[in-house]
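If you scroll down you'll find the structure; I have some questions about it.
Chain naming follows the written order as A, B and C, and within any one chain the residues start at number 1.
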Amino acid sequence: MPQELLIIGAGEFADIAYEYFTVDSPYTVVGFAVERAHLAEDEKFGLPVVALEDAVARFDPATTEAHVAITSTQLNRVRQRLVGVAREHGYTLANFISPRAMVWRTATLGDNVFIFENNVVQHGVHIGDGCVLWSGNHIGHQSRIGDFSFMSSHVVVSGYCTIGPRSFLGVNATFADGVTIGADSLVGMAAVINKSFPDNGLILNGHPAEPSRVSSYRYYKLKPPA
Amino acid sequence: MPQELLIIGAGEFADIAYEYFTVDSPYTVVGFAVERAHLAEDEKFGLPVVALEDAVARFDPATTEAHVAITSTQLNRVRQRLVGVAREHGYTLANFISPRAMVWRTATLGDNVFIFENNVVQHGVHIGDGCVLWSGNHIGHQSRIGDFSFMSSHVVVSGYCTIGPRSFLGVNATFADGVTIGADSLVGMAAVINKSFPDNGLILNGHPAEPSRVSSYRYYKLKPPA
Amino acid sequence: MPQELLIIGAGEFADIAYEYFTVDSPYTVVGFAVERAHLAEDEKFGLPVVALEDAVARFDPATTEAHVAITSTQLNRVRQRLVGVAREHGYTLANFISPRAMVWRTATLGDNVFIFENNVVQHGVHIGDGCVLWSGNHIGHQSRIGDFSFMSSHVVVSGYCTIGPRSFLGVNATFADGVTIGADSLVGMAAVINKSFPDNGLILNGHPAEPSRVSSYRYYKLKPPA
């Protein structure tokens, strides 16, 4: 019997997750859940949309897995928070790995990872919990992608890199071999990261990239982690 | 029985189209047609090359489809014009979709579309008539590519973008989410489009991209559309 | 019976080559060889590591092929030299072509070529001896890649280009149609090559790229070829 799946979220990414899980995975989507404050419809694709607060009553965590399909809102903190809520509710968090992606057998993945088509995850890579790899990214051998990071599309992370947790990497950003960026980095589209920027909360743009004077914390009005 | 196909054009792209349709599609190429003024050979790969003006007599539109395999000559106007001629002759215009491309089931395509390997056409995208997507481009969810546009290779069109008709997008150009560019845009290689440029006929280059003072109409010596 | 393969090299690339040949090729890796001066272990993945000088005694070139898995050390000269040594020992040099790469049937390849996943080698391309195409590169129709060149990842070589031998192309570098670069070029990450730079030994960086005042020969402390 196919594994049942609850999608947490109801925006465009939830629609896309519904499509991808339905067409290209062994899961069968059985419903959607959003926080009650955001509940705006009670049906989607003919499936129920319920308040996340009540989800357990309707979708038993013993038989239904969950996937939090939220983009990079608030520098990935919403996705991180809802993954925590789903875990508290007892849900096992499912991964989506496109059959058109290459994830090498020596790579390791956390939970609630969404990997779109044409991504390459090479030898020895680690992808943390809650990461989204949109489309066509390259993660070079031995690199580590921190929890809840979001890679948009066509990003090149060369070998032996470290990407801090909750970072956002814009389309076509490029990283040299062996560089490190800190937590909560916001890397602009087509930025060229040719050296390490280990500080947390940097906004990095340009060719080559330089940090902005404004931090990602100020930009998103977020508290830096303690 | 495999569907018979007439290729309109006889240059390098026609050679490539012959290869791709032959190896990776259900079509069987049965000949080539070019406008009489450009007729320089009467055989190619052992197949007849005829004047487009006489093509109907030799290749019956009731049993043979056609594909106009012309690159971006005159900012895509030659391909646009010959697609019109082929339609007047009564030909159904065939698409080539590489089996190594991903075109999501919710995307819609016009006629005479050529999609090379490793392209990604995501959820809800529309690709207009006569578009060429060379190799390895990403068209993000809900974006719209105007008729007769030409995307070279490794272009990233993020989500919710609008590309005006007959635009040329150079290799590795990058578009932010939700931007619009006008008709007849000429986007340089590796240009970084981080905001909308809705005017028609702009030449856009640089990181970030800025419009040139010369328009694409002047650059190609073309009349702007009325 | 699967073909036996000796990997020459014992670093990270040798590990990766072991993985790729083992999982995704008809070859069975039977051992590793390194020059005696670099011999630091006698076993790897349960297989013998021998001195290259003694390899023939242990691994008969009549029944075992070889692949030199060395990255771009000394601007690809180490790989070039060891391919020469392997040939002197009588080894046939094997290619690795990822089943996830597209190499068009009209392309031609030299020996000891390593092509990772998601590479595209289009119509009429030639890839010289000893080239490494890391991941997700595009080699456009009719382009020629000189012997012992190293392309990192997501490089776009457009159509009709010529890349001089032993060149290193950094991640996400982009080449316009029809450009030529000389031998021993060192092309930086995300460099935008919008015209030809036919001189040998140039270091090219930037958007658009300009040559550095220092040559690649001086940078790597190498003698220019006579």
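Here, contacts are C-beta pairs under 8 Å (C-beta built on N, C-alpha and C of every residue); 3 or more make two chains touch, one makes a residue touch a chain.
Model, not experiment: these values are computed from the prediction.
**Q** What is the size of the turn, to the nearest 5°, that moves the C-alpha atoms of chain A onto the matching ones in chain B?
**A** Fitting chain A to chain B on C-alpha positions yields an angle of 120 degrees.
**Q** Chain C and chain B are one sequence twice: same or different residues at the contact, by the over-half rule?
**A** Because under half of the interface numbers appear in both copies, chain C and chain B meet with different residues.
**Q** Using Cα averages as centroids, what's the distance between chain B and chain C in whole Å?
**A** One centre to the other, that is 34 Å.
**Q** List, in ascending order, every residue of chain A touching at least 2 other chains.
**A** Residue numbers touching two or more other chains: 118, 136, 154, 172, 190, 207.
**Q** Show me the residue ranges of chain C that touch chain B in the complex, using the header's touch definition.
**A** Going by the criterion above, the answer is residues 102, 104-106, 118, 120, 122-123, 136, 138, 140-142, 154, 156, 158-159, 172, 174-176, 190, 192, 194, 207.
**Q** State the interface residues of chain B toward chain C in the complex, per the touch definition above.
**A** The contact residues of chain B facing chain C are 12, 15-16, 19, 23, 100, 117-118, 134-136, 152-154, 170-172, 188-190, 206-207.
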